[in-house]
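The same chain A turns up in both complexes below, where it pairs with chain B and then with chain C.
And now, the complex of A and B:
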């Protein structure tokens, strides 16, 4: 017990120290690297409170994909861009106050917990069998709170539209440039050997999410990373923004989600309600569609917009 | 038998930790980037290697053990590639 308490204390102190360093450090690159390391520590923290699903998501989406996205944005930013300048003092105070308020609120909840914690956990566990999945987290995401999950994926799509809107007029519809002019040989080797393995692992993580920690978001992040490797190594160019196949891949997941959700009115009496006995296959169909769409969204987010001078 | 396995685990994991500590000290203390890179990859390679080796007797089955070895191989692959890419940038910076 004392050993784990010691480890937890060390973890928390390191995280707080790293967080402070991340804010104070001048160099944007160093701050991003710190952010990625912070994601790693945070996922260790989630593991310590026995939330491996959240830990996996944090390490894949929070630390990994977001960190790489920040690095990519920094690479694309030009000298005069806002990303390379220090924000104004009032802005920094505002951010500090808002973040501090959230931290204080969460801290108060931990220090002064309600006498009886409000929980739906027993209710959720009781009806787990009727959803057809064994992992309660997946049941919450895909059955009890499917609407939230739907909105989460649409948010990623909106973010992609935001990135695409940065495309210069003349370059609209072009392919984003990802590979450098001369691709290093080790990177090429990595892309050729790792990508087949990574695709298997990504699909495995999604599939195993039904009964064990894992799921489409984590799996899709791995698939997106593999796709990014392929693009960076120049094995395949990024698809053109106007590509029909890309657009279909982006919307197939949300479209299946909406279709099954709306048909829930007819067959089960509510939006996103699954008919008895069909929950598992319907959830699998949605997860498969979302896996493709989220991987495509994250991959294109990482690829960024086409730049000045790119022609469709 | 299980005592022997536990002893092996403790010894191998400790040895792995020694490599991680040495690698960390190297990253902090070594004067130039290439040497620091060397320290980092040694920690990845031998440190993680000994920890995985030490954990093998504790695995529930062959499949779990294979997964651990596979993770080590993946880290090797990624670590070696990353080191090559960093070294490439360093060499380019050396002769502008």
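And now, the complex of A and C:
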């Protein structure tokens, strides 16, 4: 008991220390690497509050993928040196006080919770059997609140369209440039050995997500990371934005989702309702499609748009 | 979970609250766009953690936590990633546009492109 309390305290202190360091350290690269380390620690924290599914998502998406994304743009901090005006001391004190007030208010909410903690867990448990899946979070994502998950995938797709629409005119339709001119040999070796394993792990995490912690978002992020590794090592170039196969991969998941959702009107009386007994196979079909699409979306988001000078 | 009990969840909740404060501080004060994005992600991490603690306190029916907020946090993390991707790309474009034009947006002189350190940008001069 005391060991776990000690561990919790150590973890929390390290996380807060890293967060402060991230804000004050001058070197942007150091701050981003700090953020990735912070993501790893935070996912341990998620395990400690009984949320392994969130922990997996945090470690893959929150820390890992976001960190890689920020690294892609780290050079811009130097390019943007003009935006370097240091705020005056009174202003910094004012902001410090206000930010502290927000933190204190949130802290007070945490320390003095309502007498009866609100929960939907009993409701989620009650109908779990009818969905055919054993992981209540998958049931929430794919059955109870499937509409939210559907909109979420569309949001990710919209973000990708937004990123693509920032392509310079001349480069439209080109391949994003991911591989550097000369690929270090260790990276090449890593891409050749890790990728097959990573693909198996990504698919496994998606499959096992029906009953255990895991799911398509976590699995898709691993697949996207493997794809990124292949592109970075120059084993395969990134697909051109105009590639038809890429675009089909991007929309196949949402398309299956919509098709099953609309057929729900006919077979089960509501949008995204599943007929009795067919919930599990339909959920698996949607998840398989979404795995491909989300992996493609995340991979292309990580690759970014083609830059000026790229020609289709 | 009534009154001011102090348990593991409370500790992590306070950690989340502190992260929000630290992130807000950096978000407002740091002039560099990329670091604002970083700080914004810190605020997000804090908010998610506080929400996760609410989920933990809603533990019932044999689950370690209320699955509904947990699922919402998973959705939130993925959406935050998408927003970060869009923000990073916007900053990237803003920076290259300002460098090309050599004026508006960023008043002071900007180092040559070759020094930006972003792979593939070195030969991007038009």
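Throughout what follows, the second predicted complex is superposed on the first by the 280 of 312 C-alpha atoms of A that agree within 3 Å, B and C clash if a C-alpha of one lies under 4 Å from a C-alpha of the other, contacts with A are read in each partner's own complex, and residues count from 1 in each chain.
Rule of thumb we're sticking to: contacts are C-beta pairs under 8 Å (C-beta built on N, C-alpha and C of every residue); 3 or more make two chains touch, one makes a residue touch a chain.
Computed from a predicted model, the values in this text were never measured in an experiment.
Enquirer: Let me test your reading of the model: by the given contact rule, A:287 touches which partner, first (chain B), second (chain C), both or neither?
Expert: Neither partner.
Enquirer: After lining up the shared chain so the two structures overlap, which partner does A:118 touch, if you call chain B first and chain C second: first, second, both or neither?
Expert: second
Enquirer: One more residue to check, A:16. First (chain B), second (chain C), both or neither?
Expert: After superposing on A, A:16 lies in contact with chain C but is clear of chain B.
Enquirer: One more residue to check, A:163. First (chain B), second (chain C), both or neither?
Expert: A:163 sits against chain C, while chain B stays out of touch.
Enquirer: Check the contacts made with chain A and report whether chain B or chain C touches more of its residues.
Expert: Larger number of chain A residues touched: C.
Enquirer: Once the shared chain is lined up, is A:187 touching chain B (first), chain C (second), both, or neither of them?
Expert: Once the two structures are laid over each other on A, A:187 reaches chain B alone.
Enquirer: Across the two complexes, what residues of chain A are contacted by chain B and by chain C?
Expert: none
Enquirer: Sort out for me which residues of chain B touch chain A in the complex.
Expert: Listed in rising order, the residues are 74, 77-78, 80-81, 84-85, 88.
Enquirer: If you look only at chain A, which of its residues touch chain C in the complex?
Expert: Residues of chain A touching chain C: 4-5, 8-9, 12, 15-16, 19-20, 22-23, 28, 31-32, 35, 38-39, 42, 45-46, 48-51, 53-54, 57-58, 61-62, 65-66, 69-70, 72-87, 91-92, 95-96, 98-100, 102-107, 109-113, 115, 117-122, 124-126, 136-137, 139-141, 144-145, 148-149, 152, 155-156, 158-160, 162-163, 166, 177-178, 180, 215, 217, 298, 301-302, 304-305, 307-309.
Enquirer: Of all residues in chain C, which touch chain A in the complex?
Expert: Interface residues on chain C, with respect to chain A: 1-4, 6, 8-26, 28-35, 37-39, 41-42, 45-46, 48-50, 52-68, 70-75, 77-86, 88-93, 95-96, 98-100, 106-111, 113, 115-121, 123-126.
Enquirer: Which residues of chain A touch chain B in the complex?
Expert: 184, 186-187, 189-190, 193-194, 197
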